[in-house]
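The next part holds the structures, each set out as structure tokens.
Next come two complexes, and both contain subunit A; in the first it sits with subunit B, in the second with subunit C.
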Partner chain A sequence: MVTLNVVRYDSEKKQYVTSTYKVPAKKGMTLLDALLYIRDNLDGTLTMRHSCRMGLCGSCAVIANNKHVLACYTQLLDLSTDTITVTPLQNLPMIKDLVPDLKPFFDRYKLVKPYLIRPEEDLRKDTEFLQSPEELSRYWDLTLCIKCALCYSACPVLKADKDFYGPAAIATIHRFAIDSRDKATKSRVEEITRNGLWWCARCYLCVEACPKFIKPGEAITDLKVLSCREVGVLERGAKHAVAFKQNIEKYGILNEANLIKDTVGIGGLLKLLPLGLKMAIKGKPLTPFQKPIPKIEEIRRIYEETRGS
Partner chain B sequence: MEVHTHDIVIVGAGLAGLRAAIAAAEISKNIEIAVISKVYPTRSHSVCAQGGTAAVMREGDSYDLHAWDTVKGSDFLADQDVVEFFVKRSSEEIIRLEHWGMPWSRTPDGKIAQRPFGGHSFPRSCFSADLVGFQEMHTLYGRALAYDNIKFYDEWYVTSLIAEEGRAKGLTAIELKTGTMNAFRAKAIIMATGGACRIYRFTTYSYTATGDGMVLAYRAGVPLEDMEFVQFHPTGLVPSGVLISEAARGEGGYLINRKGERFMERYAKKMMELAPRDIVARAEMTEIMEGRGFEGPSGPYIALDLTHLGKEKINERLPYIREVTQRLLGIDPVHEPIPIAPAAHYSMGGIRVNIKTATPLPYLFAAGECSCLSLHGANRLGTNSTAECLVFGAVAGEEAAKLALTSEFPDLPKDRLVEEEKRVFDQILGNEGGERISEIRMQMMNVMNEKVWIFRDEKRLTEAVKEIRALKEKFKRAKVEDSSKVFNLGLINALELDSMLELAEVTALSALNRRESRGAHFRVDYPQRDDANWLKHTLVYYTVDGPRIDYAPVTITKWQPTERKY
Partner chain C sequence: MRRRGEVKLKYAYYPGCIAKTSGKELDAATRIVAEKMGIQLIDFPEFSCCGGAVIDEADVALNIALNARNLAIAESQRLPILTVCSTCQGMLSRANKVLRENKEMSTKITNILQKIGMQYNGGTEVKHLLQIIVEDYGLERLRGLVTYPLKGLKIAPFYGCHLLRPADVVRFDDPWNPRSLEDLTSALGAEPIRFRGRIECCGFPLLFIKESTANKMAGSLLVEAVEGGADLIVTPCPLCHVSLDTFQSKAAKGVKKRVSIPILHLPQLVGLALGIKATALGLSRHMVSVKDVLKKIKR
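What follows is the complex of A and B.
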């Protein structure tokens, strides 16, 4: 027997309520099977989205024991516990029970133009655009996104700012930016650079949450590199990344004062003087004067070897 | 009741629905298209299609060959004018999708690759690893977002089709988020709601693919055609029914019985595992019935063996199959055979339409699996369904657009709207009876699985019709456990069951009526094909006194029926 504590949103009272159920667990039973068992036998009001039960449609995304999962792709017995707490996705307005409103998530896609962009006359050609298997493999993984919103739910930046596009949408931009057939790479990269590409905090919680192992966080990092090349180092996030890299190459250890100066300029550094004073009093003074570490040549050699790769 | 007015309303956002929307949107920016789907579009069952999309594209293939393969595969029930039209349009759909971003698998020189598939005498299956439906869906959805004149009504459930004065006028639909009933008014309506196989217990279908659109049309007086022809896909994963693509056999997989034999040699010596699906499904069923199946905790099964293909080939051509068997069963097909059994997979039958996807009810079109042209006759070849959705989805969109440009908006009869609200909210949601929806559903699925399966006979078909009618009566006393207004899945399940019971009755009745064996419909008591009496389509009409059966002739252009051997 497995106990399921399901945290459900009550649409009338506008609050969360927990319902507890006991489900007979069998080998091969998925979390979705357990939830459907509850619907059919214990509580016909328990509501959750589900459709394909084969990990392709993305309907059944939930959080089980704090893990972001697809209910249909999660073996009940693999959760290795007698008690499973199931909660709905985060970062989205709630409708009812385990059903969030996905409109904010899907609305992002209209913004990122998820279709090949080519001049009109190309689209009228009656043969395919050539693409080698190698070119296809460069973006293939990113096409496997099932739009389940698990990454969107896991993203801490979205907790802070609902205007962030979210990992899935940004990874989609990258999918088209590196599709050899697309002719709008530059404008795609420009657009997202101006619209929050650098708000991504590189926490990689989206990579952990993705049930298809697409690694949206890595796609975003790759897109940031592309952005520096195509658009330049203009946004604060870009400056921070470049400053960090140069800082380590110069000193072998991170010098925060110089990192801040190179990211936000002398003006920005001066604004942080009160904070700097407090830190000095507590015994952690920030100073721009930094001696490179011993054997700094070894670090610089790593930079030499990997330059351009 | 709020009334939404759009030039074209499309019900269903799978491959056919999305393709129709784009086709209509491209005809004119001034045409306003609404796409109503009870699930978000990328949740549609179309994403589960795996194997590929057939098209004549290369030297050595020909339209006539693809057409002949399709006609022979259909056991000569397909309408040949439809088939000839279809094979000529498929390749342009492949190219058009590619131009919209479809990640087709490629040959070393960068062209769209094609692989062999069951029943085709030329390797003409364009593929995208083993995820063709998924990739086509996401490509079409992404592309559809580029048009300002396509509006999506996501998670709206259509409850009725309003037909009056001999024409389709509009629809009623529940917005799941608020639970309110709304009406739609349109110059043209396209049904693209998919097939009926959720009436069975062991099926490859998603939970949400319940065939509602077929019943919307049926109850409005449109006949359902050839409903007895249900395709049983040879390789449904045991015990869930999840589809294991025919591509697994296309890439060289074997079907093995308990004695270790590749038994297909006894049933289709030339094509072996790549014989058409009805032949393979019957072979597997025979092996199981004669005691040569494996015994498992969830019932008997056959082994699909891919171990000789090697890890590299499986990872390149069948990565999703590997993933899903590992996730659902803990089995790695690189090392172990996969347990499979035949599963209800596709409706060859559906809403009767002509070659332009128009139903007999003016202003109503239908495309995709919910329709019957008939392209597939008594048995469908793999990779012809995704192709059908693209070709005829486009035709439906084009035809609906042309009609909309020259038509006026109809007026909706207010009394019908009031009636429908009463039917759904008072009769069904407010029902105080003692029967349970989930129980009635399970009983229906069991009847279909046991009595309207691969091998059929008069006794069990007659019992099936009787039992389903009893279940329809039981449904009138069924209580919906969820009483909330917001997102009432219980109410939707009840409405879906209402549809499915109708489809179960029509399917069983059509099967009882056809006293011959053809394609996927096999009668143990009439095991021969009987062209003299039965080379015709079955039509079932809804009447207040029960379904009425009629017939329609098969259109033959080039190919006279011959013996069907592989």
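What follows is the complex of A and C.
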């Protein structure tokens, strides 16, 4: 027997309540099987989404023992505890029990134009848009996204900032930006660069959460590199990355004062002045003067060798 | 004292940038605790920055090359690397993984290293101090060294992203339900407080990019730890320390709450339990006073 604590959203009282059930666990039973067992045998009111039962539709996404999972993809015994806590996804408005409202997730998804863009005249021609297997392999992994919203739920930036697009949507921009058939790379990259590409904190929770091993967080980092190349330093994040790079070429290790100055500018620096003073009092002065590390010429040679590559 | 059969632990010490600049207390605490534990740290002042999970957002190959050089320096002395920063740990591990698995990149980097008369053969292990204490040193052995158990202290461990994720890069603790910091806290005689945000992001990467978001992220974690009853937060990452300690008043404002909770670097907490003086551990250098903590353990 396994005990399941299911955290359910009570839509009338607008609060979460926990229901506890005992389920006869056996080898091969998935978490979804266990939830369906509860609904069929113990509590017909338990509400959840599910459909394909084989990790393709993405509708049974939940959090089990703190882990973001598809219920149908998760063996009950692999959770390796006698008591399992199941909670609904985070960062989304709730409908009932384990069912979140996915509208905000899909709204952002639609914003990124998740389809190939070609000039009108191309579309009128009868020719196909061919590409080589090698060109396909560049973005193939990213096409496996099943829109389950697990990454959206796991993202701590979204929790603090509802303007952030979230992992799946930004990774999708990368998917189309590196597709050789797409003719809107530059405008796609520019648009997301201006709308929060650099707000990704690279915590990699989305990478752990993705049941399809798409690694959205890595795709976002790749998109940042592409953004530097395609549209240059448009805003703070890129400015920070370029300033950081220059900083290390100069000193070998970080000079915090100069990095902050180069990222936020003199105006931003003035706002940080009171904090800087407090730091100095505590014996943590930030100084723009710093000696480079020994053998800094090796670092500079590495920079030289990688430039333009 | 070393018992028979216990191997002398020796590492190439990679302090990272913060411990050498604004977070010098981390460096001081690491050295003094390592000495007390009989862990030998070898300095390499020519180590460069790991890229801070920033340089590779502008240039991937450059970042890998910088770390290949760091890894090669340690390899030439046949030493594993000891880090004291979650981000350094993540970035060095990432370079190691790429150099070991991606032939194209590895050839490219080998050519670059040749230009400075170096080579890297993929032989350097990179471990964070926390990992070394848990895996190489052993918590039982550490327990034997504790002279001032931190009884009565409730401690909220906070991991820092890159020490846990991506799990196939760092290969250390469970990325969703880690326990190494909690186990260490218990071994020191204190009571670990588990809070949900302990594996989340402290907001540091956004401090100078979107400060309002960074403050909210840090603020909600701080509130969660306080509401969980914690006397202090311990972190193995100096970047998290900046976000949670240096920027604590801004973080509190970000979530419109009053918060005051001391943030300790991992070796500082170990040091207190080993009877090292608070001043030697640099505890006076924090923005949030640790006085109440010291009072609670009568130090």
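Simple rule for what comes next: the second predicted complex is superposed on the first by the 295 of 309 C-alpha atoms of A that agree within 3 Å, B and C clash if a C-alpha of one lies under 4 Å from a C-alpha of the other, contacts with A are read in each partner's own complex, and residues count from 1 in each chain.
Simple rule for what comes next: a residue touches a chain if its C-beta (ideal position, glycine included) is under 8 Å from a C-beta of that chain, and two chains touch if they have at least 3 such contacts.
These figures come from a predicted structure and were not determined experimentally.
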Simultaneous placement of subunit C and subunit B on subunit A, clash or fit:
fit
Based on the superposed arrangement, let me know which partner A:Asn66 touches: subunit B (first), subunit C (second), both, or neither?
second
Looking at the overlay, what does A:Lys96 touch: subunit B (first), subunit C (second), both, or neither?
first
Which holds for A:His174: it touches subunit B only (first), subunit C only (second), both, or neither?
neither
Touch test for A:Glu256: subunit B only (first), subunit C only (second), both, or neither?
second
Looking at A:Trp199, would you say it contacts subunit B, subunit C, both, or neither? Reply first, second, both or neither.
second
So in the superposed three-chain picture, is A:Lys113 touching just subunit B, just subunit C, both, or none of them (first/second/both/neither)?
first
Consider the C-alpha centres of subunit B and subunit C from the C-alpha centre of subunit A, and write down the angle between them to the nearest 10 degrees.
140
Minimum CA distance, subunit B versus subunit C, superposed model, integer angstrom?
17
On subunit A, positions contacted by subunit B and by subunit C:
none
Within their complex, subunit C touches subunit A through residues 17-18, 20-24, 45-49, 51-62, 65-66, 69, 108, 111-112, 115-116, 118, 161-162, 165-167, 175-177, 196-197, 199-201, 203-206, 208-210, 212-213, 216-217, 220, 246-247, 250, 284-287
Sites on subunit A touched by subunit B in the complex:
11-12, 28, 30, 39-41, 43-45, 47, 49-59, 73, 75, 95-97, 99, 101-103, 106, 109-110, 113-116, 118, 122-123, 125-133, 135-136, 139-140, 143-147, 176, 179, 181-182
Interface residues, subunit A side, partner subunit C - complex
65-68, 156-157, 159-161, 164, 198-199, 201-205, 207-208, 215, 217-218, 221, 224-225, 228, 236-238, 240-242, 244-245, 248, 252-256, 260, 263-264, 268, 275, 278-279, 282-284, 286, 290, 293-295, 298-299, 301-303, 305-306, 309
So in the complex, the part of subunit B that touches subunit A is made up of which residues?
39-40, 42-45, 47-48, 92, 94-95, 98-101, 103-112, 129, 131, 134-135, 138-139, 141-143, 145-146, 154, 177, 206-208, 239-240, 242-243, 320, 323-324, 327-330, 436-438, 480-484, 486-490
